[in-house]
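Shared between the two complexes below is chain A, which has chain B as its partner in the first and chain C in the second.
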Partner chain A sequence: MTTDITLIGQGQTKFGELWSKSIRDLMEEATDAAISSSPCTALDIDLIIVSNMLAEVTSGQAHLAAIASALLPHHPPAIRVESACGSGAFALHTACAMLESGRAKNVLVIGVEKMTDVSVDTVASALMGAADSEQERPAGLTFPGIFGLIAQRYMHEYGLTRDDLSLVSAVHHRNACKNPFAQFRSEISPDAVTKSSMISDPLRLLDCSPISDGAAAVILSSEHSSPIRIAASQIASDSLSIVARPTLTSFSATKDAAERALQEAEIKLQDINVLETHDCFSIAAVINLEDLGFCDPGEGIQVYKNLFEGKPTGFGVNMSGGLKGCGHPVAATGIKQLIDVAKNLQATNQRYGLAHNFGGAAATCGVHILEHSPSS
Partner chain B sequence: MTTPPILHRQNAKRSKKLQDGTVLSWTTMSHPLEGFGNRPRTVGLIELEDGSRTLGQLLGTPMIGQRVRPRMVLSSVNVEGLRTYDVAYEALVTVPSAIERKEFPGYILALTGPSGVGKTTVSRMLVKMFGHVESVPILTTRERRDGDDGEYKYVSKEKFTEFLKKGEIIAFAHLPSSTEERWYGYRKEDIQKIWKRGNLPVVITEMHLLRGIAEHYGRRSILSFGLLPPGKSKRAMLSALLHRLRLRGRETEEHLKDRLANAAKDLEFFRERADLFDRILVNDDLQTVVETVRQHVPGLAK
Partner chain C sequence: MTTDITLIGQGQTKFGELWSKSIRDLMEEATDAAISSSPCTALDIDLIIVSNMLAEVTSGQAHLAAIASALLPHHPPAIRVESACGSGAFALHTACAMLESGRAKNVLVIGVEKMTDVSVDTVASALMGAADSEQERPAGLTFPGIFGLIAQRYMHEYGLTRDDLSLVSAVHHRNACKNPFAQFRSEISPDAVTKSSMISDPLRLLDCSPISDGAAAVILSSEHSSPIRIAASQIASDSLSIVARPTLTSFSATKDAAERALQEAEIKLQDINVLETHDCFSIAAVINLEDLGFCDPGEGIQVYKNLFEGKPTGFGVNMSGGLKGCGHPVAATGIKQLIDVAKNLQATNQRYGLAHNFGGAAATCGVHILEHSPSS
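Coming up: the complex of A and B.
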């Protein structure tokens, strides 16, 4: 980073089926919480970045930047950023770029998604906008279908068993119990995952993150100091369609973004104490650990075996409950991850945390590294 | 949303998808995208012969590494009622050698139809009436049940997979159900033994098995009869089947549900793959069915 950027404010709504709240209500609730937790006032915000993917389809609402701007009394300039489920990370990256360029000093980044107002068919179809509309969609694929293809191939290549894969959601649900903002605050057994209804072979219902409403907001600043600093903000891309990729069992965008982020933060992977990864489906959680470099290809499940059995892993994974336990209002997820990493670093008094957020089948990916310095 | 212009562009590229290929991965979605029907849909990532990759609907039992062949099918119907046909890929059974496939090995009498239609009864009658007709045992991984009457050979799933890998099974069907995982197949050895004795093997098949046998020995080797339950509509046919299955009393209600779901697919198969049948008979009178089969099978007519 060419400028010191700090995280000075954070807030979020509970994630879940929030029928009584509009997209504006969600943005307002998260924004109010973020501003009241920060050392600045609403009038100090000189730019807003809004992260959203689906509002046109699910709420009939475009032009979210104007709504966001009107949340504050002085109507600061606002921009909307979209990169499917990775919108949050891309909004954060845009905010960092604005701060580094000097065009803004205090940027409010809001991630919001309102998904439960429409039918599941409508959401499934809208989410397919994150895949290739001339490759995946004409085949009738849904996102569970795409990750079903990925999981099937992974099992074939590495011998991952159905019972082992079920440990992933069990771990995430257990973590979500401690998170007051999580959609599912209940433990589930691996057996319940294995026996849940089939969604897209071999993925079952409890392998899939849910459809959720929610918003999360952070304030990034180049003006105010804070114990949490953004040590790295990197984004990367891959081909949109899985058809054009050489492998299904690894996401190159994750590898690229993570490698660059570690370089930017000037740390080693072993320095990371906590991480939030994009576990939209349980198989993604396994692949993410391998692509981020925490284990060799085919070994990701071993981390979850250790986590499930309470054995030491050297780093915490999705302590918030991840997308599976917390819920996945798609464009809010990347912002929420940053909040959870920051909270975790402060609660455990550790130094480095990593947030990994991707869009589609990791066609886009953003990795942020946070540094916690208690003395600041 | 797949718009007409997108479909138009797809059509222009369709000829590139009309190649044999290999399944790299597959999944069966319980709820496919809107417009693609309400039934589970199996989609595969296929590596085509020219090295390119594509996504397409998979017909038949999916398996990674399986060879597939393209076939046009009705793919989707949009909200305006526009029917879209697209390339789907049909799974082929692993064939040990091309030469073996081209040779005419002998006739196989195949009786195809949904559960409860009376295939086993017709087969037993034929075996009883004609000395040189022999039924081929079905290899299965399912549990032995009361009422099974020697038509099955029971093997473990590991053994079944081993046979499959060695190419000893010429046709197989994988029928996952809500209660168990079932594999069925016919062993080459069992059929060849019957031929060696100079007899006519009779097999009881469903869509996957019939397709597999036709692929392995060639269509002309099969004297293929489809058996339909009585009834003017699909609903009436399924109702007749349910009645028969309940009377048979071999299955739990859970199994009956699975069987009925598979039966609905079987009925569809008669329409889709009429080319695989010589005659389609309605089994409302056993004697008439046996007589019709007798008249159309060489060596039985006299």
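Coming up: the complex of A and C.
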């Protein structure tokens, strides 16, 4: 980073089926919480970045920058950024660049999604906007379909079993029990995952992150000190369609963003104490650990076996509950991850955390590294 | 600007009803033209900013950053920015900040919109996403309706007549005749405007910019020299709903962005030689001249009278044909404006030009000032 950027405020709504709250309500609740937790007043916010994917389709509402701006009395400039389910990380990255450019000193970044007010068909179709509308949608694919293909191939290549895969959601649900903002605060057994309804073979209902409403907001600053700073912010791209890729069992955008983030933070992977990864489906959680470099290809499930059995792994994974446990209001997720990584570093008094957020089948990916310095 | 940012490449598709071209095709055509006109190869592009408003609804396609990235062989990082019809200016602003931050040296900015493949009802509803879905859409308003109300009020306050208003589109069409990329290369008389079909009293069909497909792309650089540099890039916000504003006949976001842009460029309004303004409706063109400061409130139409009669105004206005003459593929417009201002400055060997692009009823607005230095 060319500028010291600190995390000085954070807030979020509960994630879940929030039928009584509009997009504006959700943004306002997260924004109020973020500002209240910061050393700023609303008037200190000189720029807003809004992360949203679906509002055009699910709420008939584009132009969220104008709604966000009007939440604050002085109507600061605001920009909306979208990169499907990775929108949050891309908004954070844009905010970092704005601070580094000197154009802003205190940037409010709001991620928001309202998904439960429309039919499942409508939201599933809208989410397919994150895939290739020329190559994947006409083939009848949905995202459970795409990740089902990925899981099939992964099982073929590495011998992953259905029962082993079920450990992933069991771990995430267990972690979510401790998170007051999580959509699902209930333990589930691996057996319950294996026996849940078939969605897209081999993926079952409890392998899939849910449809959720929610918002999360952070304030990033180049002006105020904080125990948490952004040590790295990197984004990367891959082909949109999985058809154009050399492999289904690894995501190059994750690898690219993570490699550059570690370089930017000037640390090694072993320095990371805690991470939040983009577990939109259980199979993604396994692949993410491999692509980030925490284990070799085919070995991701071993980390979840250790986590499930309470054995040491050397790093915490999705301690918030991840997308499966917390819920996945898609464009809010990347912001929520940053909040959860920061909370965890402070609670455990550890130093480095990583947030990994991708869009579609990792056609775009953003990785952020946080550094916690208790002394500052 | 904290960094010298130059315009080193530009390209666009023809604007119009381009039924045989997909979003990807349009982006590719504009990108190829921009790169070909620049000192760069594709591999020199280290970041892409995509400006798009409507693809989720009109093409079932979000996540355009991934499509844009895959247009280039090395899949550079890419971000999609949306601010309704002002998306182009907001993408340019984001690109400037990325260059100033040092995170990129050569940024490709692509604006694209595909509007003619769906029914007029669908596209009119999608465009209403730029207005307030809680306050304006339920009232039955469309954008012609909103600007019809604005025109009614303006006529009441300033005595503008229907026949005078018709001069605006006549001037824009005359200018468009000289633009090979324009959708409408035909002169229209003021009388034809006055007698065209009623859309939303007092606005007639020929007061309204059309539904269009098209793409435009520029390359902004902190590495390469060029006769054209970005002297200012500013964005501003107002309330989304017109209900929440103190006046209907002036747009505060235009005033804010323009005032700050002049400060940033360290010039006076009188230094501007040519401008492209956001004439989504004829009445907007009149108000824009007043809000930008080129005349007093109520006097905007006098500029168009002078333009129509070939009298000197001291500055050129929408020499490209504006949104009415060129067509208005909404998120491409702000990029196209920058190209047209640059072309005009070079063709006339003048120094300063201004591009004014807004979203919705100017709930968001971006203003860019270009400086042309023939010697560099």
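The working rule: the second predicted complex is superposed on the first by the 376 of 376 C-alpha atoms of A that agree within 3 Å, B and C clash if a C-alpha of one lies under 4 Å from a C-alpha of the other, contacts with A are read in each partner's own complex, and residues count from 1 in each chain.
Basically, contacts are C-beta pairs under 8 Å (C-beta built on N, C-alpha and C of every residue); 3 or more make two chains touch, one makes a residue touch a chain.
Just so it is clear, the model here is predicted, and its values are computed rather than measured.
Student: Per the contact definition in the header, classify A:S125: touching chain B only (first), chain C only (second), both, or neither.
Tutor: A:S125 contacts both chain B and chain C.
Student: If we overlay the two complexes on their shared chain A, which of chain B and chain C does A:L289 touch? Say first, second, both or neither.
Tutor: After superposition on chain A, A:L289 lies in contact with neither partner.
Student: Of chain B and chain C, which one touches more residues of chain A?
Tutor: Higher number of touched chain A residues: C.
Student: Counting only touches as set out at the top, which of chain B and chain C does A:S22 meet: first, second, both, neither?
Tutor: So A:S22 only meets chain C here.
Student: Just to be sure I read the superposition right, which of the two partners does A:V218 touch: chain B = first, chain C = second, or both, or neither?
Tutor: Neither partner.
Student: Determine, under the contact definition given at the top, whether A:R137 touches first (chain B), second (chain C), both, or neither.
Tutor: both
Student: Under the stated touch criterion, which partner chain does A:H75 make contact with: chain B (first), chain C (second), both, or neither?
Tutor: second
Student: Which partner does A:V317 reach: the first (chain B), the second (chain C), both, or neither?
Tutor: Neither chain B nor chain C is touched by A:V317.
Student: Name the contact category of A:V193: first (chain B only), second (chain C only), both, or neither.
Tutor: It touches nothing on chain B or chain C.
Student: For A:I228, is the partner it touches chain B (first), chain C (second), both, or none of the two (neither)?
Tutor: In the superposition, A:I228 contacts neither chain B nor chain C.
Student: I'd like to check the shared interface: which positions of chain A are touched by both chain B and chain C across the two complexes?
Tutor: Looking at chain A, the two contact sets intersect at 125, 128, 133-134, 137, 244.
Student: Which stretch or stretches of chain B touch chain A in the complex?
Tutor: Listed in rising order, the residues of chain B that touch chain A are 1-2, 6-7, 9-10, 24-36, 41, 43-45, 53-57, 64, 75-76, 86.
Student: What part of chain C is in contact with chain A in the complex they form?
Tutor: 2-3, 22, 24, 53-57, 59-63, 65-67, 69-70, 75-84, 90, 93-94, 96-103, 125-126, 128-134, 137, 234-240, 244, 359-360, 363-364
Student: Where on chain A does chain B make contact in their complex?
Tutor: Touching chain B: residues 120-122, 124-125, 128, 133-142, 144-145, 148-153, 156, 197-203, 242-244, 248 of chain A.
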